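The structure that follows is given in the form of structure tokens.
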Amino acid sequence: MAKTKSSFVNLIVTLAVITFVGSLSLGFVFDWTKEPIAKAQMARQLKAIEAVVEGYDNNPVTEKYKVVTLDGKDSLEFFPATRNGKRIGTAVKTKSGLGYSGDIWLMVGFDKAGNIIRIQVLEHKETPGLGSKMTLPSFLNQYYGKNPGKVNLKVKKDGGAVDAITGATISSRAFSESVQMAYETFQSVKHDE
Amino acid sequence: MTVLLNTVLILTGLGIFAAAIIYLVSQKFQVVEDERIGAVENVLPNTNCGGCGQPGCKAFAKAVVDAESLKELHCPVGGNAVMKQVAEILGIAAVERDPYIAVVRCSGSFEHRKKTSIYDGAESCKIAATLYSGDTGCAYGCLGMGDCVDVCDFEAMYMDEKTGLPVVIEDNCTACNACVKECPKNILELWPKGKKNKRIFVACLNEEKGSTARKECAVACSGCAKCFEACRYDAITINNSLAAIDPEKCTLCLECVETCDVRNIITANVPDEKIKHATDHRIRLEERARKKKEEEKLAAQAAQQQNGDATKQA
Amino acid sequence: MSAGLLTVSPSPHIHTDLTVPQIMRGVIIAMIPALVFSVYNFGLGAVYVTLLAILFCVVIEYSIARYLLKRPASIYDGSAVITGMLLAFNVPTNLPWHIILIGSAVAIGIGKMSFGGLGNNPFNPALVGRVFLLLSFPVEMTSWPKAGATWSLDATTSATPLGILKDGLRAGDTVPELMNQMPSYADFFFGLQGGSLGEMSAFAILLGLIYMLYRKIITWHIPVSMLITIALMTGIFWLVDPTRFANPLFHLLTGGVMLGAVFMATDYVTSPFTHRGMIVFGVGIGVLTVVIRLFGSYPEGVSFAILIMNAFVPIINSYAKQPRYGSKSQRHKAYQEKLEKELTSTK
Amino acid sequence: MAMRLNKHKTFKTGGIHPHDNKLSAQVAITPLSLPKMVTIPIIQHIGAPAKIVVQRGDIVKTGQILATHEGFVSSNIHSSVSGRIGVIEEVMDSTGFKHTAVNIRVKGDDWEEAIDRTDTLVEEIKFSPKEIVSRIMEAGVVGMGGAAFPSHVKLSVPEGKHIDHLLINGVECEPYLTADHRVMLEKPKEIIVGIKILMKALGVQKAIIGIEDNKADAIEIFQQLLKNEKHIGVEALEVHYPQGGEKQLIQALLNREVPSGGLPADVGVIVHNVGTTYAVYEAVQKNKPLIERVVTVTGKSVKQPSNFLVRIGTPVIDLLIAAGGVPEDTGKIVSGGPMMGKAIADLDVPIAKGTSGILLIPKDEASRSEVYNCVHCGKCIEACPMGLEPYRLLIMSKKGNNKRAKEEHILDCIECGSCSFVCPSNRPILDYIRLGKTQLKKQKSV
Amino acid sequence: MTMDYLVIIVSAIFINNIVLAKFLGICPFLGVSKNTSTALGMGAAVIFVMTIATIITYLVQHYLLVPFHIGYMQTITYILVIAFLVQVVEIIMKKVSPDLYQALGVYLPLITTNCAILGVAILVVQQDLNLIKSVVFAIANALGFTLAIILFSSLREQLDGADLPEYMKGVPAALITASILSMAFMGFAGLV
Amino acid sequence: MMSNTSHKENFIKGLVKENPVFVLLLGLCPTLGVTSSAFNGLGMGVATVFVLVMSNLVVSLIKNFIPDKVRIPAFIVIIASFVTMVQLLMEAYTPALHEQLGLFIPLIVVNCIVLGRAEAFASRNTVVSSLVDGLGMGVGFTLALTLLGAIRELLGSLSIFGFRLMEGDGMLVFILAPGAFISLGFLIALMNWLKDRSAGIKR
């Protein structure tokens, strides 16, 4: 079988046909997966929110809003959780750049009084086996039910009340710091509705 | 739907753009290179052993394409099969070569050659050879440290621990010439593989006179010329008290083999019966020749006598 | 001839007495003072860890050489003992035996034997083992028993001076404040500080250095260039801001600087050949150590610095060459002119 | 670690300090009794073999010419004894290879008449430079410092080269050897005349005798004798192997460096050994060809370490017997010094013009010890007097990478053996360097 | 401002070294590192291509994909552009500067299939860098690659002279070397 | 070219004799990058199999219509299309895995195996044998990745496919970059040894 020659028309036509067919089929796949992807993303966010504030009946994701932090450098996403139209809590998405490696993203759930309900680690690149232990209940439990306004949430080494993860003070410190930031930002605005 | 449209338009556009540019650029900046070089390179064994005399397989490919002839160039590793393919690619006549194999031209094993000193330098024949003529009496023999084995790329050699001499593994040897070049004592030699892999050669290089040679090594060739006399085809020559067989002339009649009193004419792939047969044949021939001579002598004598008688009579 | 067969070999026919096993024995002797000080400080734990590490290293090297590589066992040259000892010197005295075993296996198995044994390894085996352990068991590797003649195996843990410094600075304290929490310089010098087994006493290590210099086992180039670099660099930072940076003396006497400079950076196999190269190497280690100590997240950087510079050794070797005899005539115009003059003046 | 206040000069790059073991330093030179048979190879020098001019059965006198030089870089060979020429055959000489040699059965001691055999010192130099060179050439004088390079060639300085210094090599840096030392002690005046002859031949104004400071007595004698000489100096040198290498000696004495691939003449210097200088004296003033030389016989187990005056061609065994026999524990016999000498495989090897000593090494020191991998200690680099990187040359040569080896200046190596000596891993460094050099030279000649 | 660039550079070269920490471009890293001169050639080629490719893909991203909402086409458009670019450069270089082609060109086809190039182009987008920062990031990463491959090749050259265990020869020994190198580079953690 | 060897052999060779990772040393980036656990290795492997098989199929179908000059761009577009499809499908249906594998999914495009096989095999062989080849190579790749992932997971966190086998911490290094290099290095050495042993070669 003879190979097609590298003439001008041949080049253009082949590549055009291939890109055309490729893009067409891709376009269809994209169309087809558009919804599942969106759903999956939504499900992920909701799952995280559900893990930190329970019992809402609204869709906090569609109602989310942004609040600028106290130092004005950044803004955090707030996900209001309401039941029967009444605010039962807020999930705050916060991050810290002070981790051992990369940013740590947390979802912190506050009740109306500013007590921590639950915390979910959304994303981190800490060392598996060390910093990654911050996803374990034994570490997270220390925070639950506490009000950062009343309890010093720093690690013990820095004079606070939190037991750092052994060998991962840096991660623990970053974790506490971002919870603190979420709390302070949360307190800086009124959430009456 | 706009997304689909955008997708198709942009990607196809990019594709057409790319194809057009590639075409234009390649038109403008074309470089021609002989494609046959690559083709030849593909069929070569690509071991880069250098046995062909070129620095590597690629160089060989280039050389054949440039030369357009296979008279001078031959890949010993690929052999005739590969060279035929090469010839096909180039569209020229193939040139067949007899296959060769490396042979070890020393039979001075430990028991035959007594040590006269203990060599204690670096383990290398080449180094020993720059230091002195060897740790045995024989200045021509194998030094036994296996430089040749080390250079063989085809695992076709090993050192025999009992004899201290290298052994060539017939099936692996590609006649690449590496060991021949490596050996500082020129013990190895490329030899025609022979019909049905049969071949004979003298496994000694000692050029000393007979008595000295035998003192140095119990199986040295003494240049006694018995084999020389036995050969009916002029294939054996004696130079500097050393017999050598010319493989071109040798017909593998095997008649010389048993004449050597130290059996230093080595045969490969020849069954013992054949040698015995050949020897018997030689003896018969010799016998016949002797008889013939005797008869002739007798005849001559008789003739003389007759003559004498005749003259007497006359 | 009464003498039997004569031996024949190329010249030279005589050889120095300082052979590899001899050298290795010398290094081991030089390390003994440091070990003694450590026993004084940490008690039997030091002996236990050291013996265990040596045992593991030797046994592992023997097994790998004999059973995996099928080569003659190479342990008699003594280098495995040094590796074991130095590995032990680089870990806390309360390390569990299984971690010591892993460390030895990595040092010898990965760091040394997988490259073919003595002389072939590009990286310092003991440090490969040490860094592997540090990365694998950060908790165990960074809790040191308290110094000061505690003779039981499970003493309370304490941080090293460098650890205190790093943590304190992170928490916002200043250097002078932190210095008050630390032992005196004399204690540093004689080894009363928290830390790994063999790095305690600068004094003991210097004894070893002097011995090795005297025996001509090592030359001064690596240790001196490395120590001077560290002193200079930390000195500059200290002068710029004494509240954020500790003084050079502190940096020289704490952590593994002395141990590294004297015993680990000088390892023949993994350091450059020429004196010039050694100086480049020493300076490189010094710079990297200071950078990691002052700006990285590890309080101590000597091990990493040495390993990184190990990687540069082949490059250093191909550039830092010894001046060649005869190259002077090509290099120096002045020399050529002088010679010219000498030659013509006598004409 | 010894601190010396008045440090003597030495060369700058590399070098080592082996034990010097000069066992025979205080033993006066004694003439060895005439052998029964001599074997005189017709090549004992660098260059072309000489051409034999005698035949089997001829009767020759001591000092009679046996073979004449072939071409300029070659040397005459004289009979060292009187007697009848035996077979002319290939024999194993001290190089380890077979070369053509003339056997002579000794009968009486009948010298050529022209040779002045008296001991009187002849100081006056009657010959012109040309005549000096031709007398040296006729007498078959070759360098006795090791390389056995024909001396007349060195004295014929090529056009365009200007020589301003003659260096006399009295260093004898090889351990054990004392032949030069004894010659300096016993024939200093003759050597000084020899120096003047060489200076005249070369037309130089300045000569320096370099002697290592472990030969204080020799230094003193020359200082005494040369007190009033403006043009000839004596310089004490720190003991440092291989100070005797001419390149090192030039660096030590004059702080000049012979360029890579160059000759001493390129930096205005000619170097001659003291033994050679004495031979020059005898050749020019006494008309005596080079037929005998001083040979040190030594070794830790040798009964009487000695310095013998030996006729060229005498078999080694004769010397050994005269020195008290071959000790039981002999494992290796070296012709020359322990650093650069050649091990010989049997005892019938003849003494040649270049043989400065016979060293017997006991069995337990005869073989090399276990070889380890290179531990990168850099000691070989530190030791190399040429500033090379011996470990690298070994690797390249082993891999057959001669081109790279050449770029790394393998051809500059003077084969002093310092690198192999110091290597703690006992690596056969010089073995491989020598191989690399040989192969490069072979490549060049092809 | 300058601090930002310093952070990008130090991080890309030492801390998050593209080969030793991010595992990109491993195939050429192992394949073309047998001796230092080819490693240098490869390094230079990577620097060249990575810089240009990053610029072009940046433009594609911001002027085609984003405005037309077809971000999901990133992979395919990028790789098409890169493959096209490399091929054009190769053809031109072969003709215009055969010397340069000898030095760099032979590595160019290898680069098309080098994850490092595409990887960096995608990372640039993920990290939302501006054009200048993207270029700095690309060059720094390429330098990181070059540093790693040069160090590595010199180490491998040295290993050539060593007698490695039979089964460790070649790639296994190279990988062990890479592992120790990457452990050593972990010492830089937290530098920025 | 390959038509005379059976498809079975053709398939098997990708598993062992020409294993893309251990023998051909291709596709090492994902091999090292995603194998911090067995599951990730498996996931990456499966994604690659899909792309490999599909692109081999298409390339062998249209090989004769593609002029040399645009061979590489054409192949790459084909491969990239399949990769993007995988990417989209994974994002939709296995979002967690998609996140774990991250950057390495788009990088399947430049995975040397895929283009390598398209170039070296599919562009010269029949459709069926290309399919088999792609499947063999892909499965070989998957096996290698899973094995490597399992080893690293086992040593690094004392578990396999997420099941904890033992209490305590493993050797962290094995989850980090150096552990990937070490494990692969020794695995390849082991493979070399096995290969020689099965061939009866003793060294």
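What to note about this one:
Should a chain be cited, it is by its letter among A, B, C, D, E and F, assigned in written order, with residues numbered from 1 in that chain.
We adopt the following convention: a residue touches a chain if its C-beta (ideal position, glycine included) is under 8 Å from a C-beta of that chain, and two chains touch if they have at least 3 such contacts.
Everything quoted here is computed from the prediction, not taken from an experiment.
Counted as hops between touching chains, the shortest connection from chain A to chain F is 1. Both chain E and chain F are touched by A, B, C.
Ranked by separation of Cα centres from chain D, the top chain is A. Compared on C-beta pairs in contact, B-F and B-C come out with B-C as the pair having more. Averaged C-alpha coordinates give centres for chain C and chain D that are 46 Å from one another.
For the pair chain C and chain E, the distance between mean C-alpha positions equals 33 Å.
Centres computed as Cα averages put chain B at a distance of 50 Å from chain E. Looking at chain D, one finds that residues 96, 342, 345-346, 366-368, 373, 428, 431, 434 touch two or more other chains. Counting partners per residue, chain E has 72-73, 76, 80, 84, 87, 162-163, 165, 168, 172-173, 176, 179-180, 183, 186, 189-190 as the residues that reach two or more other chains.
Looking at chain B, residues 3, 7, 10-11, 14-15, 18-19, 22-23, 26, 116-118, 120-122, 127, 130-132, 135 sit in touch with two or more other chains. Every pair of chains in contact is given here: A-B, A-C, A-E, A-F, B-C, B-D, B-E, B-F, C-D, C-E, C-F, D-E, E-F. The part of chain C that touches chain D in the complex is made up of residues 1-3, 6-16, 18-20, 22-23, 77, 116-120, 214, 268-275, 278, 321-330, 335, 339, 342-344, 346-347.
Of all residues in chain A, only 19, 22-23, 26, 30, 100-101 touch chain E in the complex they form. Listed in rising order, the residues of chain F touching chain B in the complex are 69-70, 73, 77.
Chain D makes touch with chain B in their complex at residues 92, 95-98, 342, 345-346, 366-368, 428, 431-432, 434-435, 438-439. Note for the complex: chain B touches chain E at residues 2-3, 6-7, 10-11, 14-15, 18, 21-22, 25-26, 28-31.
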